[in-house]
């Protein structure tokens, strides 16, 4: 059941997690995976796991795997338009071959 | 020493970690990397790092890098056959170029 | 603004994090992302998140996204030469398509 | 009538006791969407602290206990653990809209024991000044392990018959898996330390004084968890919720009856009888789920974890504890 | 003159009090590059423990309080919270090198309340043996929420006018978001538990005895944070640092004056007045930033978090607390 | 003979003391495959709490101490730290199957100090009612840092000679790195706070009462770690295990002798002598390994961490502490 698919990766601020997950679900994606991340980009250092008075400054990395590349691009567009003017974030696409998935 | 390689990624339930690591070692892979993840797929939301009465509901993400693509496919097959009927999980393959590794 | 880019991934010991981040910044990369990882390679099992008397034994995974593939290769070379004789570590390159970034 | 009134008063008092209040508080703020979070590492440490305290106390009292006194209660604990699962196997698991393996797994979790509920019961007994054999909490594994073993064996027998497979279920790995679980191994280590070493000072200066306070935090977590898991429970057949509401009380009553027998035969204390009932009433939340997940992989964890965490535990604590205390007052007149 | 001397003595004594000493210690070791780390989960748990203790205490005292006594202070708290933001809107936010939305957001954070500073103030009051209405900490949300709401509304009005957009700002989601924050919901839960249940034993045996010690650890974290955020503050206009140094004292003085009015009119205690002043003096560190990040996304968090954490909190604790205590002594002669 | 009998009795009593009992308990449950886990954040916080307590105590007592009394013990501490490494350099590191840099790094870790073992020793001294100079724990850095510096310098000299390189080893970065480590900076901050501020209340109400209990949890972690690292130790030459079993006792005896000299010359107390011996006996577990990893990157951490954690620490605590206590009784007749 191996098939080519796109993996959309979004790295952005943790405060956006809930909202972005809503957008992912609305997009028709069949799933997503989140990992905690820290990093630095054009805006600022965002830490995670450190003692920090507020969690505003840590990142999350979201992977969305889908066979519908257009949908992935559209989803990235929606998220970027809605949030990336004011929030840190990067979005990229990777081509993968899904070997096993319960639903895709 | 740059060389093409396959990266097999398995995202599945944390309870399976010990067993899957055994399968990876048995497969002849030279190593693996684990990160904690949460996510949602066809089955359920699996959280991680949240206060949860039992850890049964969080995910792990396993990367296995190998130059032997067939072995990677075989490993994914073995894991999927053994566990993915009853457990959450997704497996995919990515093509990468390894620049440095102590052994591959 | 979609563009092809290289993602350099370094998985190595946590003790090196500060030093490697300095090298990344010096390389001219526009950013990086860090996640906590554990794993096993040719040298030893490196855990993370476990009660461990010292953190010497856990890994980090660093992603550096750049449109300058040569710079990525050069960076991997520098890191490998400086550290991989004595420390655990693996470095690989992946081709991705960046959809949105504040700066690249 | 008097007994009923007394039970009602006790329930009301219980609702104001910190243990129950924090449980309900946790449900409430989760329902109101609070982003309050007790980090997982804190939760794990609290469980360790509580079960180490229970274990140390048990171990120190076993030193002075007459081992023969423990035999009958331990035997009854085994019977109760196994019996609860058997009852579930032939009620819940036979219902039309319930997948058999899900029903068996759920019964397994309700036969098993919750360390948090046990700690809550101990706090209530001590607040009310009711004596009990301090080795009684050590009955935990005698009830917990048989329940999980019987559930896994029954489920696998059923699945084998259905699928015509011929793998044999091995029991020792299940027992080992249970004993190695974090809650049980903390308690067993505590028992060993209490039995063979001199931890009095540390017990009185650290583990015991923090016991009630840490329990209040744990109850908050259990409450938040109960609410969070309700969603999962909603996705499975209603029977699971109904079973989860009734089983803790029924199981507790059976245990109370057997405890009464032990009282008559060997002088098992009224407090001990109550504790035995609450052990039976409780359903496993920490060690049970992973053991079942591994032992009955095809059973749906949403069913058994949802039933236990969302309904079983709140019922055992909020209704079970005052019920068995009230019953004890009626029966033993204390 | 005497008052000044007394203030100087008090400041010196404060510098040696554990609360302040740990704060300064945290700044110091961070500046020296120490790798000491208080894990985030510990930090979160400490905040929970402190605010639960403050809430329980408040709830238990509200039981016996005359609710009418709370009306005026609560009204004043609302006015202070909103007023601080309005003042900031027409001073800081109008300065040439300050982006208007950054200025408003910063004023919002300074109008809001810090649970840690509140806890520090309570410890100091109790160490000095100064009485206060134990429901006074419950004024927290009455000041905190209006400040955040006003800041978000003002910023969005400004941005809309500038950009010609026509989206409406809805207030209820901001209020809800604030109430659901971890610090405020821990305190409100504590109040509810203190009011409706009987947590005396657990309060006296667990939450209260650990209060001061845990606060010392939290102060250490706040100090390390203050230093860590200095870098961010350096990247924005100097006005933020200047505002952050002055506003806590000015805001506190305004609140002190209003508190004095309440003292005269309804007998609000001197300790209560001091607490009100310190609530106003404090700037939010936990719940405020995420609410503002969501409510005024275009405002630069480096400006407002930097100003609050690096300068505002140390000033409120190190200068504000002894200042308002000294003032109270002069004014009320206690 | 009497002394031997006394030592045997003391060892047996020690085995039942909570400190040792929890250490052995940790080894035991790890060996039995328990999944009990003390989260890393808890572990880190406990280390902070213990060393802050030791530091505060030290700081408060330095206030009243005669600084001249500290000079000789501090000098001896430096000599011991450096001396242990030199001895290791010319014994362990010269053995045929031992890579020289691995041997030097291991000796460095054994010359350095373990905060956990130090805390264990303090608890034992206080349980036995043996007086000691409360500033004696402040000897920690005087022994720790020279040991690490000497090890890194020796290893780099060796490697340079071997490889013909000409990089210079700089000493200040190593010292800074050590001082900034989490354990040492917690203790030094505690000393500063104890010396310059008034933390008595918080010391007596928080840090001190939790000391013994938290130590018991830490001992459990150390035991589990010891077992977990055994595997690594097995992969390197047997000499490391042999060195790790002997060095703690030998190093402690050398320190005991020097401490005796200080006793005779400046009246250093018997308790202080025992503490000095245990500092020497202990091997670093928190701060040492990362410093060595950075300073001698080619040394194999499995060798030095394995030797220290798996064998060195259990030997220092289980045999070292009762040995030096017994010796003190024989020598000083207390």
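Think of it as A, B, C, D, E and F in the order they're written, each chain with its own count starting at 1.
By definition in this document, a contact is a pair of C-beta atoms (placed from the backbone, for glycine too) under 8 Å apart; a residue touches a chain by one contact, two chains touch by 3 or more.
The model shown is predicted, which means the values in this text are computed figures rather than measured ones.
Among the other chains, E has the CA centre that is most remote from the centre of chain B.
In this assembly, the chain whose C-alpha centre lies farthest from chain C is D. Put simply, the C-alpha centre of chain C and that of chain F have 35 angstrom between them.
With centres defined as mean CA coordinates, chain E is found 42 Å away from chain D.
Chain centres here are Cα averages; for chain C and chain E they lie 40 Å apart. If you average the Cα atoms of chain C and of chain D, the two centres end up 46 Å apart. Looking at chain E, residues 37-42, 210 sit in touch with two or more other chains.
Shared interface positions of chain A, defined as residues touching 2 or more other chains, are 35-36, 49, 94. Screening every pair of chains for touch gives A-B, A-C, A-E, B-C, B-D, C-F, D-E, D-F, E-F. Against chain C, in their complex, chain B makes its touches with residues 2, 5, 7, 21, 30-36, 65, 94-103. Against chain D, the residues of chain B that register as touching in their complex are 13, 15, 44, 49-57, 83, 85-87. Taken in their complex, chain E has these residues touching chain F: 15-18, 21-22, 25, 28-29, 32-42, 127, 209-210, 212-214, 216-217, 220.
Residues 37-40, 42-43, 221-222, 224-225, 232, 285-286, 288-290, 293-294, 297-298, 301-302, 305, 309 of chain F are the ones touching chain C in the complex. Across the complex, chain B meets chain A through its residues 8-9, 11, 35-43, 49, 59, 61, 73, 76-77, 80, 84, 88-94.
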